[in-house]
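Each chain gets a letter, A, B and C, in the order it is written, and its residues are counted from 1.
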Amino acid sequence: MESKDTNKAGRFRLFKGKSHTTSVSVHNEAEVPLGESSGLRFIAGFIRRDKIALTGAIGIGIFFVYGLIQGIIEMAADYTHNLALSYVLLPSNPFQFNFARSLGAPTLANFPVGIFGYDETGRSILSRILYAIPKDALASVLIVVSAIVIGMFLGISAGYLGGWADEILMRVTDAFLAFPLIVFAIALSLTLGNGYVVVLVALTIIWWPTYARFFRAQALTLKSRGYVEAARLSGLSPFSIIVRHIFPNAIDPIVAIATLDFGNVILTYSTLAFLGIGVQVGQPELGSMAASGLQYVPRVWWYALFPSIVIMAIVVCYSLLGDRIQDMVGGRLSY
Amino acid sequence: MLLDVKGLRVAYRTVYGDLEAVRSLDFAVEKGESVAIVGESGCGKSSLGHAIVRLLPPNATYEGEVLVDGKDVFSLKGRRLREYRGSDAFMIFQDPLNSLNPVKRVDRQMLEAIRTQKIMRDEPYDEEEATKVVVEGLKGVRMPDPEVILRRYPHELSGGQIQRVVIAMALVMKPKILIADEPTSALDVTIQAQVMKLIKELKAEYGMSVLFITHDMAVAYTVADRFLVMYAGELSELGPVDKVVTRPLHPYTTALVNSIPHKSKREGDLVAIPGSPPNMLAPPSGCRFHPRCPKVMDICNTVNPGVKQVEDRLLRCHLYD
Amino acid sequence: MLFVARRAVNAFITILIMIALMFAIIHLVAPTPEDLARLYVGTHFTVPELVQIAHRMGFYQPIYVQFFNYVNGFFHGNLGTDTQYGIPEILVIEEYFPVTLNMVILGTILGVVIGIFTGAIAASNRNTGTDYGIKAIYLGTWAAPVFLVGVFLQLILAYELNLLPTGQVANPTLAIPAAVTGLPLVDAILAHDWVYLYSYLRHLVLPAITIAVISFGGITRLTRATMVDALDKDYVKLAYMKGLPKRQVVWGTAFRNAIIPIITLMALAFAFTVGGAVVVEDIFSYHGIGFFFVNAAYNLDYPAILAITVIIGLAVIIANFIADILYGVMDPRVRLT
């Protein structure tokens, strides 16, 4: 397990799927295509060349840039108590009732307000989707990043200290991983109290163990390769040496894992919203819109469908990109 | 002529464009002859071997002609291809530790080879008889306690033992040509010498032709009749071992010969050649060796020298135009 | 045997930690004995009443005594009393959990089988139309939220085509066969109640397929990866060299090695599908533990939520343990260590 992870990082630099590094690996360094090194620059270069990865990256880019802008506007609106400000970018007011067009079908009239149809109180589904997106964007970034930070700290410490600390961490992560995401998230967010922030906290509590395991494995390999000894001999703190050497090795696989994970967070988050966990009444939320829409299925198909499709589109973009990066990092993509 | 390679080209499709691993390669191997293919890592030695046994990865394309015992290898399909592998050509792969299936006992893996051959020839297969053949094969590679080894899983064997099991498999299959891809690179020096001796004996005993792939000229010298020196996918020099070693003609061969460590036969001292191996995605113009060549001339920058016959050798170098 | 024993000890420690985790969460949320009592009996009690209840439930004892009682209670099947129905949680779980287990196991097996085969086929046809086709399908199903898949299948197969029932565990007019094992499938067979069995199976199809659809993508992906790695290995090339046909090399040699890491993933897939079951049961009104759990969540029935969470965790740990053992059986390299 331990050696596998580094192998992956190593193989990716060789950029071919073989693992015969034993013989004369010195020469292989010269094979790094076009002189690019490992790390983010290389991944970025790869994305530019790969159509599938590029599609995903563009989708995610739009999602984030939009999410960031709209999110800031919503926060500003919240802060100034000026609701009208929150939807300046949107085609219409997402909170505007209009019972005359309750459950109205998608229409080109009043473009683009009605293209996704209207909900049971006649609010524009398009506007509500656009209003809800920043929450998903924030959730995915915040949860994955905090999980990485927590996992990194605990995983590296456990791997470095070894012995009991390590054993305990492994069992604790086992225990955490034993709870299905959704079940644990529901249990946690209900006991902690309902709300957006609570869901974020609950998901972070659930999310770190996989990363802890990953970083533990990285630390163990470095230890077995004698970095710790070398650090002692040179008078440096072994811990800081490990931390410093883990980053270059970990960055490629972490980017791959995290990219896929962003999508998982959004799926879990919207499933919770679907069950009504963490949703404030009246606030648009992709999952809860789908849930409300389902009551009117099959006659009113658009209400549940469009929010679901948006969730799916975002997750597909993450998967396209993450899948390709993972293949590349794993050395399975020499072509 | 047992093996005849004509105009072989092997290219890999990569995200960075096509990579030409072998380019316009012509050479032949006689029956019972052994040819050593030498060159730095990444020069396309394994690609050549894989092309001959038709085991290139899915992103590879190949052109040209490979004839083994008169069979046009690239046109073989289905059952004919399966018959070709094993009975005409057999390849020992580069990575000895990964050469055996980790989840099967050694006996199952060796018997499987015999059974497959028997089934293809429509001959009856008898497990006991086959086991005897396998034990004989293991004895042939000087394996002590073959019966014990056979009951083991690959992870219970040492690298040298695994390599000997694979060579024993080749023995049992009795191919007309054996392609050995760096069979000793992962072994320590004593075992390395044993394995080399084994291959030499096999050649003498069975009249097998051997294509011996290595990056270590000193090792190759002990087994081969001729050297095929490759650089960046191309033939640089092809000639009898003694002459190539005592009087190399191509500047690259000269560099390789000079880099042979004199006393020990330790491998891997090719680093001594100045400059670094070429980027195979964007190989140098003209002669591919010219950026590193001590005798570089103007013409080398622009014109790729063709292959010429010089005395009893083949050469790709403008010095001998 | 040593291997099994070690895994068993690990599993047991994990269970203890899991219980401790639950205990910690409960006590973090409800720091005072009165809060605790409220958590366990509901909000419609006055403070003096709560104090009395807390006394009765031992919430004024030192924390380690409480912890010991909690662990002790857990292993004696005492998981608290349901605030909605006023019966011990263990009875609720006993009744509903097997129904879910039956469905989830079937769905997981289906998903794993689909995943393994599509993954292996994709890998052995790498970069062909088949590979890209399989990738398109699994990326789609993987990205689809559970509820979308469930409702979509329900809409097509049940409402439009009328092939299958829209929900419920079985036809509600039928008498449920006597509970022997708790698993409805087995009980129906034991009671020779073929009518019920038929109805039960028909009702099982949709939820199980939904579970399979949402869970196979991850398996496909990993199988493809391990299979691509395996197909690149020298022992696979050597198998070709022996003259074995492609079919035998792919399925006999490469596949056999590629699925070993998948076994570990199966336990994770099980955890994932149990999570999915919560939503699936909600959609199909399938009265299993997930349906009950969502209900408990709506009614803030904390004892039920906590008890079910712990029980599901326990099931996953056991699944993990089984996977570990299987791994040892499949991979000769593990057995000795």
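Following the convention adopted for this analysis, a residue touches a chain if its C-beta (ideal position, glycine included) is under 8 Å from a C-beta of that chain, and two chains touch if they have at least 3 such contacts.
Owing to the predicted nature of the structure, the values given are computational and were not obtained by experimental measurement.
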Chain contact graph: line, ring, star, complete or other? complete
When you average C-alpha coordinates per chain, which one falls nearest the overall C-alpha average? Tell me, please. A
Distance between chain A and chain B based on Cα centroids, please, to the nearest Å. 47
So how far apart, in whole Å, are chain A and chain C when each is placed at the average of its C-alpha atoms? 23
For chain B versus chain C, what separation do you get between their C-alpha means, in angstrom? 51
Give the residues of chain A that touch two or more other chains, as numbers and ranges in rising order. 17-18, 335
Touching two or more other chains - residues of chain B: 57, 59, 94-95, 98
Would you give the residues of chain C that are in contact with at least 2 other chains, written as numbers and ranges? 127, 232
Across the complex, what residues on chain A touch chain C? 17-18, 171-172, 174-184, 186-188, 190-192, 263, 267, 270-271, 274-277, 287, 290-291, 294, 297-298, 304, 308, 311-312, 315-316, 318-320, 323, 326-327, 330, 332, 335
Could you please specify the touching residues of chain A with respect to chain B in the complex? 15, 17-20, 22-24, 26-28, 30-31, 33-35, 46, 49-50, 333-335
Touching residues on chain B, where the partner in the complex is chain A: 12-16, 40-42, 57, 59, 94-95, 98, 182, 185-186, 215, 267-268, 270-271, 276-277, 279-282
Counting only contacts in the complex, chain C reaches chain A at residues 10, 13-15, 17-18, 21, 25-26, 29, 39, 127, 135, 139-140, 142-148, 151, 155, 159-160, 221, 225, 228-229, 232, 268, 271-272, 274-276, 278-279, 282-283, 293-294, 297-298, 300, 302, 305-306, 308-309, 312-314, 316-317, 320
Report the residues of chain B in contact with chain C in the complex, numbered from low to high. 50, 53, 55, 57-59, 82-83, 85-87, 90-91, 93-95, 98-103, 112-113, 116-117, 120, 153, 155, 166, 169, 173
